[in-house]
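Next up: the structures, one after another.
Shared between the two complexes below is chain A, which pairs with chain B and chain C, respectively.
So, the complex of A and B:
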């Protein structure tokens, strides 16, 4: 419980109506999109400016109160759960697009701007901001930056990190730093910009960002290729890249996912195939046409059962919407949906999917897999029930084995969702004890009193790595 | 002076002939490509493996001896001068390309591989590693990574940082960390990969790198556009970008540079124009042709005196070689050449060039400017004489004013050369006192005993910022 005097300090900064401590408000900010994670904050504060953020930070520092910064709370790693209580700092009121600079091809935004609003604002000018996380219709850019969000265009265009050129951020001591700028080249000191991207609100509070834009691709086309066998789909992915084609989108859905998506959206997906690749290309019309032809030929050569090229924009939209609705479709199946994002080098997708299947069967679970085949970022998704503690224990063990399999294949425990609470016990598996020490040192350098998003990224206890004796 | 017993420890690790302490060897490693910087090391050590680097690091840690890591020493910021003596660790023997992975589009290299050898190895397979720093024929990839080297293709393709996916590095405590991997997406913890890129050998010793490759562009074409007036050239750059064309190369030479390059290479550049833009595009043949036509029309509209499109590969080579020889040409003029790299947002090139001109005239100096117009990275280059202390003092003041002008235009003190010794006194101008504190904290977290490349990046004393009263 915060002292009333501290609440008064906070109210004096942001105003009465932007400092919430009624039970219903505390409950509303006690969870995010992550299943099975909840904790009540002591107070919810909604600042309107960098200056207000600084003042709130100084109050928190003076009284040693933790601050959990959040936008829409659409993250899937428990990244904005206020596990230690304290202040939830909601940046939704800092939601202005400050400038679109058409000469330098940049957009300057406050953290509370929705990702989709950035897309629409720049596309109206013939420009393009490529990162398109699954949550982009509700997620805010501040959250995307904090988690280095990915999306469907990662293979060709990279992720959020590749588009952040400069940041303004409030440090735990209340001071403001400005990193980078409208600059394609800047090597003045350590790259604090890229360090803050993906730092999950543990190092500083991002209050403004300069993002890079590129010209909008002229055309985009999309096709579906269906396979009776997972290995054929994986080989097609490899062959496309080996042919020096980098598609704008290269998505994968397994049979389980296809079935629930079709049940949900009814767009005529064949429910008897083992895998579907959704392949999109964008760019100059003639290049796109040529790439699409070559891709179709490659899929054919790998015995695709069927290839369906979207011929109209509506058809293309329908296909993309089907993919984007995979999580929603899977969520309808059972009370609890756990979406993971173990990631492997692209060439290791087939063995990774096989490993997931084997683990799923062995633990007697329902796990469907879809994701970004082009960049090896898979989303094994478990449909379960949080109330069934015995089953949840099996789910946990299964995912531990999935993380182990990913690492053994040269991959990582999280490709785009972040560490937060849920992956924290496994971070050491990927980065090693020496890597953990370095990361803790960085955290300490920024935030010596552990005020910003405590207990995220660094677990009180790491899990022991599963040693599996495979036949 | 190092104790003989320590030398013996080092000899036991790398062998007698890879541990040099004769005067001529110490002198050979007392300088790099930076003018007016020199300091003798105590010993030069050439390890062959990560294990040997670890052992050397442990010896250095035990006896508190500084280590300056270097490759070819082609940097321009005094980044590899052993100012505090100690060990110069030369990674030239760790020069193997370990793997080219055509499925994952990656190359894995040791730090001593020359940049140009990476280009040639991957281009032979139809792949492409875009970063092309001016020094690429002699520079090593380890040095490129340590300094986040840029080059002529920065605007379209980014810099070294954009291509480093994973690193192996030896920490000051002798432990090895492995960051990232063959992964397009990886958000497991803080991004140590991007933090180490550009850290100038102050945080860890990079012993291996995984680099991203892309398909090699099918064609490339290049043109020269000559202008009687700098403002016309700058407007052409802005108009090209405003037309949503991102050229592969967009270089600028001022009249002074044109004259010395022509004198050096005799390729028929008109020496009476105020500015030349060298504009290249690469990609699909039809796209390149269309872009080149549009670019020519834009330059024409901005009153280009002459436009010359290279029609053969030889002509194109000649033009690119002329640009790449700018530094060599300027270096012939006077005993000392100081090449700077103040960088501004692209749209601020015209005022920046004007500011450089005004400052040059006011101080009565010879400064020619060329550089990467597309990404605002200019190279004002001063021809002077290090023996003339009065003139050198004027040079120093002029460059301080140039840095100030760049920062006032939203730019930075260094776009691609790094901080090293020479920019260290000015780093605070760009990143602020709070930024300096954060960077020092990061340095301390990695290297608490300040063993790795001490006195680089962090100056004992920051310069006071020049306050110029402009009319």
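So, the complex of A and C:
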């Protein structure tokens, strides 16, 4: 419990209306989009400026109160759950686009701007901000930066980290740092910009960002290719890249996902195929047309049972919407949906999908897989029921095996969702004991009193790696 | 006490089906207005669940937050998990109503309106007659002149200013019977749902509805003994009374043996379409309720199938459309009204920015939550003004009144008129 005098200090900074400790507010900021995670904060604070963030940080530092910074609360790693209570710092009111610089091709934003609003603002000027995480209609850019969000365009355009040029951030001691700038080259010291991207609110509170923009591609086209066999789909992916084509999007849905998406959206996906590739290309019209032709030929060669090129913008939009609703559509099947993001080198997609299937069957679970085939980022998604403790235990074991399989194939435990609470026990599997030490050192250098998003990233105890016995 | 009532009423499975993805938030007017998590569908469901789980007590903030919801259900079509939010909020309000102690005068008004007025169509007509007397006898003029109305709150004054001329007679009186034959070959036998307020304040719209249906080859049965749909009751926590009304309507239309039941008010239509859910636990009525619900259509759906726009008169004006939330989110009717408007010869259809967002009318919301309703309406009128339309079309009486009030408030009177889609179509298809 926070002392009334501390609440008084916080109210003095942000005003009565923006310092909430009524039950309703505590419950409303006790969760994010992560299943089965909830914890009540002591107080919810909604600052309007960097100066207010600094003052709140100083109060927290003086009284050793944890701060969990939050945008839209759409993350899937439990990154904004106030596990140890304290302050939830909601940056939604800092939601101004400060500048779009058409000379330097940058946009400067406050952290509470929604990702989709950035897209709309820059695209109106013929510019492009590529990162497009699945939650972009609600997610804020601050959250995207904190979690280094990916999205459908990762293969060709990279992820959030590739577009953050500079940051303003409040340190745990209340000081403000500015990193990077409107600069394509800057080697002055350690790259703190890149370090803060993906730091999950554990090192500093990001209060402003300069993002890189690129010219908006002239045209976009999408197609679907359907396969009777997963291996054929995977081979098509490898062949496309081997042919020196980097598609704007290269997504895949397995049969289970296809069925659910079709049920949800009714866009005429065949429900009897083993895998669908959704392939998009953008750029100059001529190049796009040529690439699409070649891609179609490659899929044909790999025995695609059907290839459908979207002919109108509406058709293309429908196809993309269907992919974007995959997670959501899956969630209709059972009350609880657990979405993972094990990631492997793209050449290892077929064995990874096979491993997921085998593990799913062995544990008697319902796991459908979709994801970004182009960059090896898969979303094995488990439909379950949090109320069934026996089943949840099986789910946990199955996912542990899936993480192990990913690492064994040269992959990682999380490609784009982040570590947060849910992956913290497994982080050491990926980075090793020495890696953990370095990370803890970095955390200590920024935040010696462990005030910012404590209990995230570093688990009290790492899980023992499961020994996989395959028949 | 409220806690027990909530635990009893709330469908816990549906609460659990919310996966907290937050996709509902951009669609929610109160979230957009406040940016406050608790004022979003995801937030409200989390609050309901927290009460059901014993994490929080349903205190005054809880009740206020549930009342702040417009019930527009814009969150439903965008919900990937298909959570029936509208049902959850109604269950919550029913529980609140069950235990809430209103001040004596609120109790009296609620009892009068929900039990002694809306359910009794004859009394509605009598009230309509009184209102008509007020409007036509010069009393209204005198009262306006005296400035007596200034004691009313602003939103009531605005409503008084734009109140359409009431009717003391319903459409059955007008047509002199309950069966109106089809013009030409009979394609459908259609039951006309005339609504309670519709038949008094928008009697002309009802007459036009019958006329258009008849011209479109429908034999129209104005089922006798039909009553108020019960939507206002259900939204205000009086679900039991809504069920009583539902049974009467189901019986009335079942007896009339119609192919289609037509509504010209999105709010009523969505309620009628959900009678199967409302009566799901009533063994005796369940089957008939399904029969009823599966036959309900909006007037625009029937007309879109049957009319021949080529024969319409030219209307060289700019038209825009504000959809009714319950028509769109409840009945899922989106294309037909727009297709009909676009088919009007000579007219220019302009899409209203955020025409799929609630105007703030929301049943009696604009009377009980004037602040939020007012700010939604002002935002709405900004977009409306930008269309530079001559005619603002809607598809529900509440929305129509709110749009009229909005035009009055924004000083657009004389430049723009708000019209029910049926009345506009009647205008262009009239044979004179």
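Observations, loosely collected:
Here is the rule we go by: the second predicted complex is superposed on the first by the 470 of 471 C-alpha atoms of A that agree within 3 Å, B and C clash if a C-alpha of one lies under 4 Å from a C-alpha of the other, contacts with A are read in each partner's own complex, and residues count from 1 in each chain.
Keep in mind that, in the parts below, contacts are C-beta pairs under 8 Å (C-beta built on N, C-alpha and C of every residue); 3 or more make two chains touch, one makes a residue touch a chain.
These figures come from a predicted structure and were not determined experimentally.
Contacts of A:312 after superposition: neither chain B nor chain C is touched.
Of the two partner chains placed around the shared chain by superposition, neither chain B nor chain C is touched by A:5.
Touch criterion met: A:417 reaches chain B, while chain C stays clear of it.
When the two structures are aligned on the shared chain, A:266 is found in touch with neither chain B nor chain C. Of the two partner chains placed by the overlay, neither chain B nor chain C lies in contact with A:464. By the touch criterion stated above, A:389 is placed in contact with neither chain B nor chain C.
Between chain B and chain C, more residues of chain A are touched by B.
Common to the chain B-facing and chain C-facing surfaces of chain A is no residue whatsoever. Residue ranges on chain B touching chain A, taken from their complex, read 101-105, 126-127, 147-148, 150, 154-155, 158-159, 161-162, 171, 175-179, 181-192, 194-195, 197-199, 203, 214-216, 238, 241-242, 244-246, 284, 286-287, 343-347, 372, 374-377, 410-419, 423, 427, 430-432, 434-436, 438-439, 441-446, 457.
Remark: chain A residues 22-35, 38, 40, 72-74, 90, 92-93, 95, 114, 116, 135, 137-138, 264, 325, 327-329, 331-332, 335-337, 385-387 touch chain C in the complex.
Those residues of chain C lying in contact with chain A across their complex are 13, 16-17, 19-23, 25-26, 35-38, 43, 46-47, 50, 55-57, 59, 61-62, 65, 80-82.
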